[in-house]
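The structure is given below, and queries will be raised subsequently.
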Amino acid sequence: MTNESLRHTLEEKQPLLEFRGVDTYYGSLHILKSVDYRVGEGEIVALLGANGAGKTTTMKTILGIVRPRSGQVLFEGKRIDGEQTGRIVEAGIAPVPEGRRVFPRLTVLDNLKMGAWTRKDGQVKQDMDRVYDLFPRLAERKNQQAGTLSGGEQQMLAIGRALMARPRLMIMDEPSMGLSPILTERVFDTVVEINKQGTTIFMVEQNAYMALQVAVRGYVLQTGEVVLADTAPNLLASDMVRKAYLGET
Amino acid sequence: MAQPPVLLETQALTRSFGGLTAVDNLDFVVRKDEIVSLIGPNGAGKSTVFNLISGIYPPTAGRILFKGVNIAGLKPDRVERQGIARTFQTLRLFANMTVLENVLVGFHSRLKSNVIEDLIRPPWVARAERDAVEEARQLLRMLGQRLYTQQEFRAADLAYADRRLLELARAMASQPDLLMLDEPTAGMNPSEAADFMELIRRVHDRGFTILLIEHNLSVVMGVSQRITVLDYGLKISEGTPDEVRRDERVIEAYLGRKAATA
Amino acid sequence: MTRLVFLVLALVIAVVWVARAVQVGVNRRLAGRLAAVWRTTGSAGGLLHKLAGSLRAVREVLGEDPWLSRLLLLLVLDVAVAYPVFDSSDVRVGTADQAEVFVLLALGLNIVVGFAGLLDLGYAAFFAIGAYTAALLASTHFSVGKHGSIVSNLLLSVGNGGIHFNFFALIPLAALVAAFFGILFGAPTLRLRGDYLAIVTLGFGEIVPKVVSNLGASNSLFLGRGNTLPVPNITNGVNNIVGIDKPPDVHIGPIHWTFQTNDPRPWYFLGVIIIVISIVMITRLRGSRLGRCWVAIREDEIAAAHAGVNITGARLTAFALGAAFSGFGGLLYATQLGTVSYDLFTFSVSVTILVMVILGGIGSVPGVIIGGIIVSYLNQSWLTTLSAWLNTQGGSFDHAWGPIGALGAWLHTVPLATAKPMIFGIILVLMMLLRPQGLIPERRRAREFRPETEQEAQEELEELYTLRTGEI
Amino acid sequence: MTLDVLISGVVLGSLYAIVALGYTMVYGIIELINFAHGDVFTLGAFISIPVIQAIISQNGSTPTLGQSIFAIGAAMVVAALCCAVVGVVIERVAYRRLRNAPRLAPLITAIGVSLIMENAMAQWQGGLPVFYPTALQPSSYTILGTTLTNTQILVILGALAMMLGLDMFVNRTTIGKAMRAVAQDREAASMMGINVNFIISLTFFVGSALAGAGAVLYGIDLGSLGYDSGFTLGLFAFTAAVLGGIGNIRGAMIGGLIIGILQEYVSGLGNGVGTEWYDTAIFSVLVLILVFRPSGILGTNTAEKV
């Protein structure tokens, strides 16, 4: 796909999530530097970058935990920067945080309930069944404390917990972190499956190869700046990504 | 050719957290004057190995022999005094101390003074302090002119790459027999990382034995003499960079088959 | 005659200071900085910020030339030594004597709270230990033997007249005893998180007076199953120990000090000397290898441990040193008063000293001295004076109309002097919320109170010897 | 140890347990020793005095059982609500702004708040102990060969009800689970959309309400209290919380009982000598626990992840 056709497809779709020139700071430390992202409805978009490049800050900015000093974050065309996290989750964004962050001394079932915290409709039960369908393993262990699950199971639980919010957009921070290759593959299969069922996915990943296999497009973030934005195949082919993120010389 | 003596050796090193085994029966060896790397996917247990060696938590089982002495379970300060210094993946500098003061803390175990001497500062203590300051400056100069000229800056005000350098300087200050670097190039862009690796090579040439955790494969392959690959707390491969690169299991677990063939 | 000497000395120092200041061009730089401060903190800052900024500018400019600070110190010292010569009121000088004791205590607590970052809520316990060391080892309390004295020399006499250590021999002894108890109390808990130390020291602060009162004549220790063992009279229990020795007379050159209860001046000079020596030692301590360790531990405990710092050891040393200075304070206090009693060392005393440190500026030596002076005077005289003044003012219009009369009636009876704990509490809360770095901040500490990055804030909360709970 | 000592120990221990719950909940959620908690407790007792006086005339006439139950119930509700509000205000004013400050800062404000409250109560109620009004006509029952007063039964039942209620609230209700979630991982909880500030306020609300209600039981049981009663009591209750495992609700209950029994046991020793040493004994327990098992009886000691 050429750059021109890429631009074309982007403009065609109404972006579900959009960053417009977002700058964030911690104190005097400039983290995100005038960053633009567009995540279209139904897409899987990958965000690549080294440690400290600003990936996690991106996640926190979307969720309203970090507030941009300038720029806008739009969800379905409406500004969400400055909103409370609860309102953002309610609007349809659910996170799968880095390092899973399940509540270790709550049961699997209670963890899922926490994911549905902002839900006011009465259909939580259906979604719970859907999560159990997707991850039968969780159904078997629903009364077990989450801290006793294996790493892979915890990742499933983190994803399931996010699904409980019935999100339009799921943001995933390093879903493959700490997982063996086989499990990583399974997680990515699940991601594709969830996406097929209609959830848009914005994913931060270190495992660039796997991420770009499932994503349509990707961004490369370096010390707070977007240095590359292209389709997944183009990124996979680019020298820079091959060198920096695929470990090729 | 006789091999150099073993400096560090772990024997059946194991650590579990709750039900999860983060490091499982690990044996590996670092010989004097080597650069050895630990690699593996995130969460494979590399950082846990570092934390076990440096004494943040004791192993569940197994031994850690350093210069022939079992140091497993010693507190971090005791480990440091045995001759092991380290850096951290997430930088841990003394943010409100100056660059020079940060390095001087690294001199801690080499300076000797008791409480009374600290209270009245006799001439010999003052002299030792002056010498330490001088040596700290030389160390900073060796690591780069920029750090040297910024020695009175607050550590928090340094640029990111300089903070990494400073942490290295602090670790080197105690003249450790073993220098452990935990992802020193994390957060650097590829060219900064390459520069840093060049520096690590120079540090090595000055007689430091180095144990490295690194994510950036090009860096690891270029600088290490031997590599140990961990996955899920288990050692899955060990050898020279070339041997490791060709190892089927490493390709499977870490490099990725598709990536390796791509 | 003496007054003239001090005046001339002050004048000379002032002249030299001005000359030096002109020579290094302080006026120009200071004017520039001040102008900048008053411009930049304009609309948003407010007057308070401008004043704080100006103070900072003055300190910074003066700090650029070491001689200026040294001369200023000399001037302060001159004034401090001259004070009782100019003030003819024995009562006021006596108040100053007590303030000196508290300054000494504040300096000691500052080592623990300010340098090492440990909250010690039972600091008065060490004050008590110092005072009781004096009371037991320099009074008629312990009668040994039947006739005359067994040992009698310049430093020590022991006999049926009691144990009498020379005051100057008691100085190191009181410090050592207090430091020993500091280690005894600190060792079990210093491995743990800081807030446990706070609660344990609070407990020790409650227990020490209790134990002291229990170790008197009419009490017993139980030995299980109803058997009791009478306790020998160690502390005189709830009764005071009286007749504590005064320091020996000092005659050196023109100096003739006789330590009498009715003359506060020699005590004052003795206090100044002890404080000056303490300040010199504490400043050296802060710049020493150990002082550096304490900063490192405060900044990042884990990194400090990996640089070879024995965290428990460094903290314990801080605790022991703090206790030792408190021991000096107790010694001075006991000999000044000539009597000690178990209830002089309760929690409220610990809190008073803590307020001095917080108000003046955690970690800042000039700060805690100022804090010590302010709080000590508040405690001893200002509050009573202010309260009396308010009461009379209120009384003058308490029959006025409506709310004004009500205000008058309230002012007429407002019990400021008994509201000390509340005033201290308000000071603690307001300082932490509005100016945690204190009146005269220590530069580094000021920064620590406002971490700039999330990571800094995070690291601040991470400790090596920790007990995370995350449970309910 | 006689059965009498055991029973009075359990009664006292139940009161400690209720106060310990407040410490342990707050510590669990924001890792702060809330020094003011003991004084909130005292405040609850003072507030409940006029409530009881209003319902039961104190001129020597005997209250009926119905009157007693109504008076005690009303006093507990009023005290609980007032204390809850005070607790929430304290958190909002004195602690919230310091949540990211160095740990020393909120600890110092906590001491400040404690001093303010104690002195305010001293100005209000005077420095001498205040008699707590009679709410219950004393009577006693003989059960299994031992004598129990109706006050003792009231305290044990009341404390049991509060503790069971809290346990249910925290472990069964969704909002209780959210509270635990915030304690376990504040940031992850906020990512779920849980309003962390609200949950922390709620924790203070519940903990302080328990203290207020417990204070009524304390007043009825001990018959008098002073402006600074909560200080020592708070120290002992905190010891109980640490003994049981700080942050752990069931641990606080067990710790409270142990401390209560220990106090009554030591107090009864050696012909009155024990009364002079029991606080030293309790305090030694705190030190011993911290030295040998800082995680307490039920707590888990988890190493910091670096």
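Think of it as A, B, C and D in the order they're written, each chain with its own count starting at 1.
We adopt the following convention: a residue touches a chain if its C-beta (ideal position, glycine included) is under 8 Å from a C-beta of that chain, and two chains touch if they have at least 3 such contacts.
Remember, it's a predicted structure, so these values are computed and weren't measured experimentally.
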Chain whose average C-alpha position is farthest from subunit C's own: A
Chain pair that, of all pairs, has the most C-beta pairs in contact: C-D
Centre-of-Cα separation between subunit C and subunit A, whole angstrom: 55
Inter-centroid spacing, subunit D versus subunit B (mean Cα positions, whole Å): 49
Mean-CA-position distance for subunit D and subunit A (Å): 44
Rounded Å distance between subunit A and subunit B, as computed from the means of their C-alpha atoms: 32
Subunit A, residues touching no fewer than two other chains: 104-105
Per-residue multi-chain contacts in subunit C, two or more chains: 302, 448, 451-453, 455-456, 464, 470-471
Multi-partner residues of subunit D (each touching 2 or more other chains): 180, 184-185, 303-304, 306
Contacting residues of subunit D [partner subunit C, same complex]: 24-25, 27-29, 31-33, 94, 97-98, 100-109, 111-120, 122-123, 170, 179-180, 183-185, 203, 231-232, 235, 238-239, 242, 245-249, 269-271, 273-274, 276-277, 279-280, 283, 286-287, 290-291, 294-295, 299-304, 306
List of subunit C residues in touch with subunit B within their complex: 281, 284-285, 287-293, 295-296, 299-300, 302-311, 317, 321, 444, 447-448, 451-453, 455-456, 459, 464
Residues on subunit D engaged by subunit A in the complex (per definition of touch): 174, 177-178, 180-181, 184-185, 187-195
Residues on subunit A engaged by subunit D in the complex (per definition of touch): 63, 65, 84-90, 95, 97, 101-106, 110, 113-115, 117-118, 161, 165
Complex contact set, residues of subunit B against subunit C: 54-56, 75-77, 79-81, 85-86, 88, 90, 92-97, 101, 104-106, 108-109, 111, 113, 115, 117-121, 125, 129, 154, 156, 170, 174
